[in-house]
Amino acid sequence: MESVPNKVLAPRSRGVSGRTEARIAQVVGTIVDSGGKAEAFTADATMESQVVALFDFAGASGHAIDLVVFNAGNNVRHDFRTMPAELFEQTWRVATFGGFLVGREAARRLAPSGQGTIIFTGATASLRGKPPFTAFASAKAGLRSLAQSMAREFGPLGIHVAHVVIDGGIDGEKLNTAAPQLRNERGADGLLNIDAIAEAYWHLHGQHRSAWTHELDLRPFKERF
Amino acid sequence: MESVPNKVLAPRSRGVSGRTEARIAQVVGTIVDSGGKAEAFTADATMESQVVALFDFAGASGHAIDLVVFNAGNNVRHDFRTMPAELFEQTWRVATFGGFLVGREAARRLAPSGQGTIIFTGATASLRGKPPFTAFASAKAGLRSLAQSMAREFGPLGIHVAHVVIDGGIDGEKLNTAAPQLRNERGADGLLNIDAIAEAYWHLHGQHRSAWTHELDLRPFKERF
Amino acid sequence: MESVPNKVLAPRSRGVSGRTEARIAQVVGTIVDSGGKAEAFTADATMESQVVALFDFAGASGHAIDLVVFNAGNNVRHDFRTMPAELFEQTWRVATFGGFLVGREAARRLAPSGQGTIIFTGATASLRGKPPFTAFASAKAGLRSLAQSMAREFGPLGIHVAHVVIDGGIDGEKLNTAAPQLRNERGADGLLNIDAIAEAYWHLHGQHRSAWTHELDLRPFKERF
Amino acid sequence: MESVPNKVLAPRSRGVSGRTEARIAQVVGTIVDSGGKAEAFTADATMESQVVALFDFAGASGHAIDLVVFNAGNNVRHDFRTMPAELFEQTWRVATFGGFLVGREAARRLAPSGQGTIIFTGATASLRGKPPFTAFASAKAGLRSLAQSMAREFGPLGIHVAHVVIDGGIDGEKLNTAAPQLRNERGADGLLNIDAIAEAYWHLHGQHRSAWTHELDLRPFKERF
């Protein structure tokens, strides 16, 4: 497809960040074991100074940042009338405020070069508030709105901002530990395969700038919606 | 319409609350001057203890709370890359967190009686993120989601939760001070009349519970949308 | 509310139209029995000439048309793969094409006077396609879009175009005949009271033009959504 | 990515269909010239018998149908009050009814095998009715709803139904003939590159069934939205 010069999709290294050192070391290990390059950086996405330091670290490594993915968010459930104000606030802090901090730093770094991709991970709750996910849905709706504003502001500057609505359970360690029976209950491909999610993110990053996607949903073929 | 026994729409008193004593005294004065009853209570909707105290005060006045309206929200504009984290947070704190605190207290007080109305004031930005209103839109989207979750949780308990999308400038002191030329520019009825907004809220409060509206928009007839 | 001069809400007569003479005669009878004035006009909303004739008849009665309500629509269910093309088409013809014909005639008659209200009755299916209501949902989505375009075109000309999303069963002859047990199953006020629906439509018609609602939903307090 | 066994994306042949023989012969020629296989079949998507014949022809060629794309639709503009009923109907007939016929035939053929992809091309107008595109928007909203119902019905049967919202001008013969200056006005990559659109469709077809996208938007990076 000569007429569509895609971005070269060969980042030299991946930066992996999260709050828990052991977990991010594990992800880095997996990448390195499969022949890739990756570096760990422990950071809490809700702390401004740590997010700035993370981007400084990534920038200092000598190659340009080209794809930033923001995944944080806790799908908490809570009865509304007994919900502590701290829980409502903390849910926002992780899912929305963290997204703001990461999004702002990413935009600051990418804008001068006029290229790069920022992807925010959303959820069904981004689109619809429903108890007992009241706090989570409110935070995710705030994140989705942020992603939309950023797309409108930074698209014309050459930065691709996308929001991915994950609608279903993810076939990963977290869910398989919390609800080990679910995988069988849902049957083959009834939970979202992590590689398949990554494939969609990678596709977004590779899209030609004449045809960018701002939002897409991802759900298992048998998921009710 | 005998078959539809509406709620008796004659509250004995209105509680008026806000941060600035002088302004709420003025509102109370207007109500009293036109023959109504009203009481002022200075409170900051972002402070949990003050919101609880406000509802305690209202409850202590001897008659049931039946209609709660949450209006707070600052339509701030800001360039994204230079936006201080404090601004993003404070915008959420007023529009969303304040809505949570007021909504939770209202739900706690209304649920036992199985009736009452809670109305949240939204904005076009509730539905769509657009710069330079990035922070405001994110906060308003979070508030809209909250209102939706609450409607789903408390509707079946007899509490009517509604979200009103104000789409246009309001013909009130705030806008007429900030942009005094706008009123003329827009022409007759080009800004939302405050009494007309109140009329819509009052209609929501009076709706028969077999046909409740959760969301409606309000905009001047000539407003582009 | 002196500052908001509402339209005078006292139409001298109601025009009642439908395909079945006996049914519309019944509605007219009810209105007349309760002291109102009403005239029947048998017409099929899917036939252009009949819709034009209906409006000619209404206009010829000597007083201006001020409120037009389009209600037609059949909530058909059908398996998709065995659905006859005729069924898909006929469902559109009643719900969407009929809406177009009535909407166009109404706009033609109301535009010169720069006032009046056109209300389209929608459904949950207007917002969401779901089997086995595939044909109905597609038609209702088309009607909703039509109402939106009309609101944007005719609002600035002084014509209020609204779309009402009915989300629930209606406590009327049709449903009570088809599913007589439902009324009890749903409990008190579990189906939409027809007078309560009319109240909402009437409120829309009376709204001050500085604060018009284009869309609102109506659902029983206990309806899941 | 061994854990994600993608479908084999190597269709033996492409079927190209449209009303105008010369134009589809041209598309087939382009495919054949670049080393692919393709067959032309003249058909009008609004004629049931022709759509059935098209699918019979495709099925008779000996290999399974695996990807069906429905593109038809005319972005007509018209003033509302003077719009002929025939125009409103014909716009629906091409964009929605054609989609129904093609979608139904595709579902009938794909369901027994439990796999395959059906993609409907949508437009911004699918999401929002706006004059002077009233007829087009209504038809596209009806098509979008159809795609949604089909996704909900056929996803669990293994058929991937997607709806792609094209938001911008397409850099193809049609637009470049109708508005030859637009390409320059919009600047580099300001119109959607056709290969880039195809890339997105192809990606949808290749998605792992544990993470299917039902809807995505495609727009030039500098398009306002």
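As written, the chains take the letters A, B, C and D, and residue 1 is the first residue of each chain.
Keep this in mind: contacts are C-beta pairs under 8 Å (C-beta built on N, C-alpha and C of every residue); 3 or more make two chains touch, one makes a residue touch a chain.
Just so we're clear, the structure is a prediction, and the values are computed from it rather than from any experiment.
Listed here as common contacts of chain B and chain C: no chain.
In the contact between chain A and chain D, the residue numbers used by both copies make up over half of all numbers at that interface.
Chain D has its Cα centroid 44 Å from the Cα centroid of chain B.
Our note on geometry: chain A versus chain D, Cα centroid distance of 30 Å, whole angstroms.
Chain centres here are Cα means. That of chain A falls 33 Å from that of chain B.
Shared contact sites, meaning residues of chain A that touch two or more other chains, fall at 152. Pairs of chains meeting the touch criterion: A-B, A-D, B-C, C-D. Across the complex, chain C is touched by residues 1, 3-4, 152, 155-156, 158, 160, 171, 189-193, 195-197, 199-200, 203, 207-225 of chain B. Those residues of chain C whose C-beta lies close enough to touch chain D in the complex are 48, 80-81, 83, 85, 88-89, 92, 96-97, 100-101, 104, 107-108, 111, 125, 128-131, 133-134, 137-150, 152-154.
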